[in-house]
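Sharing a structure, written as structure tokens. Questions coming.
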Amino acid sequence: ANELRVLIWSEYMPEDFMDNFTKDTGIKSRVELYESTEELVAKLQAGGVKQYDVVVPSDYIINTMIKLNLLQKLDHSKLPNLANLEDSFKNTAYDPGNEYTAPYQWGTVGMLYNKEKLGADYVASTALFFDPASRKGPVVMIDSIREMLGIALKYMGKSVNTIDKSDLKALADMMIETKSSKYFAGFDVGTGGRSKVVAGTAIAALVYNGDAMRAVTEAPDKFVFANPKEGGVIWADNMAIPAGAPHVDYAHTFINWVLDANNGAALSNWTQYATPNKAAKEFITPEDLSNPAIYPSQETMKTLEFITDLGKDNRYYDELWTMIKTR
Amino acid sequence: MFKLNMRYKILAIATYLFLYTPLLAVMVYSFNKSRFGIHWGGFSLDWYVKLLHDDLVIEACINTAVLAVVSTIIATILGTTLAMGLARYPWSKKVMTFFDINLYLPVVTPEIVFAGALVVAFTCLRYISSIFEPGLVTMIIGHVTFQVAFVALVVRSRLASFNNEIEEASRDLYASNWYTFRHVLLPLMMPGIVSGAMLALTLSLDDFIISFFTAGPTSVTLPLYIYGEVHRGITPKIHALSTVGIFVTIALVILSQRISSKDN
Amino acid sequence: MKIIDKPEILYGELSTPRKIRTRGLLRISPGMLWIMLFLSIPALSLIVISFTTRGAYGEIEWVFTLENYKRLAGYSLFGWSPDYLKILLRSIIAGLITTVVCIILSYPLAFFISTRDKATRYLWLTALIIPFWTNLVIRTYAWQIVLAPGLPIAKLAALLHLVPPGSPLYPSPFAVYIGMISAFLPFVALPLYSSVEKLDWSLVEAANDLYCGKWRVFHQAILPQTLPGLSVGAILTFIPAMGMFLIPDLLGGAKYMLVGNLIQQQFGKSRDWPFGAAVSLALMSLTLIALVILNRKGGKMEML
Amino acid sequence: MDYCLEALALHKNYGEVKALDNVDLRINQGELFTLLGPSGCGKTTLLRIIAGLETASDGKLFLNGKPILDIPANKRPVNTIFQSYALFPHLKNYDNIAFGLRSQKVPETQIAPRVAKMLEMLELEKFADRYPDQLSGGQRQRVSMARALICEPEILLLDEPMSALDAKLRVQLQEQLRRLQLRLKKNFILVTHDQEEALTVSDRIAVMKDGHILQCGTPSEIYNHPNCRFVAEFIGTANIFDVERQGNLLESKFGEFVPNTMPEWKKGSLVIRPEGIRLRPEKPAQNGIRSRVIEKYYRGTYQNITLETGNLRMRTAPHRKIEIGDQIWVELLQESLVTIDD
Amino acid sequence: MDYCLEALALHKNYGEVKALDNVDLRINQGELFTLLGPSGCGKTTLLRIIAGLETASDGKLFLNGKPILDIPANKRPVNTIFQSYALFPHLKNYDNIAFGLRSQKVPETQIAPRVAKMLEMLELEKFADRYPDQLSGGQRQRVSMARALICEPEILLLDEPMSALDAKLRVQLQEQLRRLQLRLKKNFILVTHDQEEALTVSDRIAVMKDGHILQCGTPSEIYNHPNCRFVAEFIGTANIFDVERQGNLLESKFGEFVPNTMPEWKKGSLVIRPEGIRLRPEKPAQNGIRSRVIEKYYRGTYQNITLETGNLRMRTAPHRKIEIGDQIWVELLQESLVTIDD
């Protein structure tokens, strides 16, 4: 069918977002969802590369996707709104000069927890997960390889991108111990962990900040999102066009449309993720702008780390993950 | 006659309860007002209303039905001719073994391995033609691949159950090949064909894995949709959808029993 | 096959062997080629893939190696640990336990149904088929509700100090088994029922007549007669249970992964086809071994 | 008073159906007793009650003077040979035969010689290592017999043991059964609906119908002196006419007959077996009928001839050459005429 | 030369097995011809070749003088009644009967009266609307007969049509079959391994063994004058002794016998049917044997008595009262003695 096909994370745009896009451009659209970066790549590799027009991969996976010939270059002439971006997002480490991607949203991986269960003055710490003595109730961890392991490495005081074998071995041991704890309530995708905390099935979960914030906004006296004091993962999601996209024109139109100041603000106001769009900032809900859970403070920023592509060494994390899950 | 010990009777009924508890839970919670968890927030039909207005759900329903019906029709035709070819010709032992292995392979291959094999197959075939891009076509192909074997096995055993004399009697009574096929073989095979088709339909409706690995953006089916939603946190909308699914199943079961009891 | 083409009569038709074979091949080809193209040949190609190498980014590199099998045997980047062997073993155990429990529950069920009178028997049977036909995704996630904290079962478990209060009973091995048993029970109960229905009661009477106690009656007169249904049920349960992906995924989380999940992960997120192929072949081999054993125990493939 | 088995006023109801209706039965020591009757008359039911496989609704049952209705099947010294033989298909014949001893926990050292003896007695040595489905019907029957006899039951019950066999084999096995019983001097109760079988092998026969026992006696009593029309018709071929007593003649629409002994009644039936009928060249002194041959079948050892006498057809088995259409004289031998009160 | 069917040197091999081995057969117009023989002798094979359901390996086959081996089954004016009846289970009896006409595209208006006639002739009117599985065995056989006869075949082939029925029904249907054939004056070829059936219904019988025809003749020819030991033993009960010719006596180890006509040979066999044997109060003039009764069975219409004479056992069916152990005189009637060259 003649429509724009977007493959994107779940709960990553307001409900009327695509309708507005259609209203503005006359282009019909269809949205399909995924829950993790790896799932996205697997989907594209399994034939999706010719099925979708826009995908929203995260920073560290972009290099992999380029290497696998899954992405095509952007035609900047069709993207005047690239100018709206923050300067830091015009020249990122993972895609200098926005050759393949344009940023969508950015955020962190942190803790959503139930204040009623943990106390009002609880200071978010991943010890709740990893330290046997600090465990207090069922917790959900995030089903995302690099981010989950990254957070665990941060708890250990290591870099999220380490390839030191002994560090990794220790990481595995810690994860396996955590997993075998009676408080471990499973690995869930971000929204899934969020739902479990909201449903009362778990007292805390490792989730993406925006997903958590929407729950927090609904019940601010019950739920809190915070970046753990040990540090966490920061990330940016980016719009990109698969190599075999059937409607490259629509894709550019869409990306440009998202980069529009108003649309960008509408997006972030709903998702409650941070916007990379400088021009949009003025339309962003002021409370969000000042919310450290969405726009972390400078000090917090120092504790956060970007995940990077490790090339051949990605394999360590893959095998480690398989090992942890299967134990 | 034989009388069943009370203890076993209770155990049997408890087993039924065990089978139905989850289904009942789904039904009950489909009327729950509150969005998350098992906290009962009051009775509500909202979720059913929401279903009706969800284009994705409706599309998933249509996809599920199209996939099941189309694959069943193809598999029934292929499976029936295959069964006739197998049962009605004196294949040598070696040839027959080869056929049998292929026929039983879809039956005994673990689904997940089957799915892996299909992923490999389609990845290669995609170089040949774009119809193998993920989507309804590949899903149908995947489903037919296991359905056809089941249909063929059921029809073949049906064919084996009536002896050659029936067919000889038909020739003896001046019937040509076509007349024999149309008026003797086909009607006699019919119960087998119908139950084979029913089995194929069930298998298609019950499948998740094969669909999971072969679906494309426009071919999401109900099980896939539900699976995705379950990972994001179950909501009463999913319960409502599942409840509808359960009732469709009940209707199908009753319908198929009607058909098969007529056949006998 | 050499064919002397002289008139021959088959099923009453005067024809020649060649004509008949041509017609037979014509009928067999579409279905057979379909299966071969989409299953047999790809399954064979898994063997080849299992010897290739995963590239840095998840592509297949045509460098042939035994690496994947070594990894399967436990040699990982972090030294030897028999994780994958354990997972295979765990899958076998899961298949076995599921099968055995289903069999134990199916006997009373089958006898219960077969002793109902004609009119209600049909209803009970239908009641057994309905869950059997309901999609597995629905049946499985439904347990997530039943096992949720705050509902009686979880409360009871908490009361018994089996789980911390407020915890769900899933993900856990227990939840996986609950899910597996409820999913496969009808697969055993239905064939067993058809065996029980055909049961020659005179053998039971003969056993009674020949001074047997209860257990001996079951063992000598009922078990052998129901063995055909039982082995069909066992095949229909053990093999898919061993390779099950969905139930451990939804109810086991990472706490009770089976080989099916491992394979899914390789073809999915890990994008490691070569290793996925190796694990698939391991599972396939286990399946074939199980089939051979069950076949010997009296199961007939024809009854599937 | 030393009946082997005694049943008093046995009743068995299945819902509305009275399968057994006040059955009295006395079986002597060491006899081969046969229950004979049409399908559904309650033979199997009676046998199963004796075996303990079915409860009685009412009545008493004594085995060697002791009441046994309360003893479960697996404790009664009674064994059954089932119609289908009910051999355990998964056991070799040896193990089938040893089955009853093993379930009684008889030590294996004692079992072996007893099985060997049985195998020998029933000429089954060659088949000990085979499975039942590798035997012919007759061999299976013998295994089933061995399996029951090895337990040395007080009574051996046989429920239509030959009905599944073909005619030739049936005759052979009937003879074998009889010889075996004579040799063992055991009690056998045989159920059958085959009249010839009953006449051939039994010491005594009980003829049953609708849950009742109609007549009980030796084969020749039952054959030659049926006590009612049903028994006369059920056993062998019988010609039966309605007759009315006129002085010391019995009058029928085919003529007047003089029976051996005059009955009490006024209206009744006269029964005559085919072999009580003789063809005569001319009118016999008494009990003669003149008739025309309308059908004949050659049956090897004899011809079956159907005569037409008004509406009445009779069968006779003569050796003379007769053609269809011949007019012949027939005599009903006086000593063969049996009178029956309806 | 107006044979209805003529087979010349027919052969049929299944691999090594010679199912038919040089069979010659001539069947006259309008006769009920029976193929009789033990299991596996090739009866069915011969019938199927006639029907066109099997090819012959060699030989010729003529129907009313025309060769038919190259004509496919659905073009031969021959119909078969299969042992299992092979009724189409999905068709009502009416449609089963109409099948042959419909497949020949006879207009429906002609079919209806013909089916009606058939239904009437075979007394099946009531069952027209039922399905075959709602009929008893005998009724099914009649439907199958109607289905074949409606096509007015030159020859009706019947492959053991009674073997699935119980004894009583079998006798009834044999008579019915014979009457029908006499009425229609059609050619019937009947296959059976039941000797009594063959003797009862046939005009002529061919006795087969191992793919050969041993003897062909009327029932009484075959019964009374078997041409070989096999035929004598296969049909009816026969006593057979080895004898040696000594002048005009035939000598056996039981004594000397005088046959009707002296055989050519020196050593051979003497055959006598049970009904050719008479009990005598004292030594008969010739062909007498003295012997002791060792077994007797009461069989309703007659007693079966086994005599012991050395190793030889004979059966006879007398009416006199005899007890086991009695010493008796027996005469072998001269006219019943048949001599056979082995």
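To keep things simple, chains are lettered A, B, C, D and E as they appear, and every chain counts its residues starting from 1.
Keep this in mind: a contact is a pair of C-beta atoms (placed from the backbone, for glycine too) under 8 Å apart; a residue touches a chain by one contact, two chains touch by 3 or more.
None of the values given here were measured: they were computed from a predicted structure.
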Touching both chain A and chain B (chains): C
Shared touch partners for chain B + chain C come out as A, E
Farthest chain from chain D, comparing Cα centres? A
Which integer distance in Å separates the CA centroid of chain C from that of chain E? 57
Inter-centroid spacing, chain D versus chain A (mean Cα positions, whole Å): 90
Pull out every residue in chain A that's touching 2 or more other chains. 188, 199-201
What are the residue numbers in chain E that touch two or more other chains? 52-53, 72-74
Where in chain B do residues touch two or more other chains at once? 37-39, 119, 168-172, 213, 234
Which residues of chain C touch chain E in their complex? 7-9, 12-14
In the complex formed with chain D, which residues of chain C make contact? 200, 202-203, 205-213, 216, 220-221, 224, 227
In their shared complex, at which residues does chain E touch chain C? 52-55, 70, 72-74
Mind pulling up the chain A residues that touch chain B in the complex? 1, 5, 7, 10-11, 30, 32-33, 35, 46-48, 50-52, 188-189, 191-192, 194-196, 198-201
So in the complex, the part of chain B that touches chain E is made up of which residues? 162-163, 165-166, 168-176, 179, 183-184, 187-188, 190
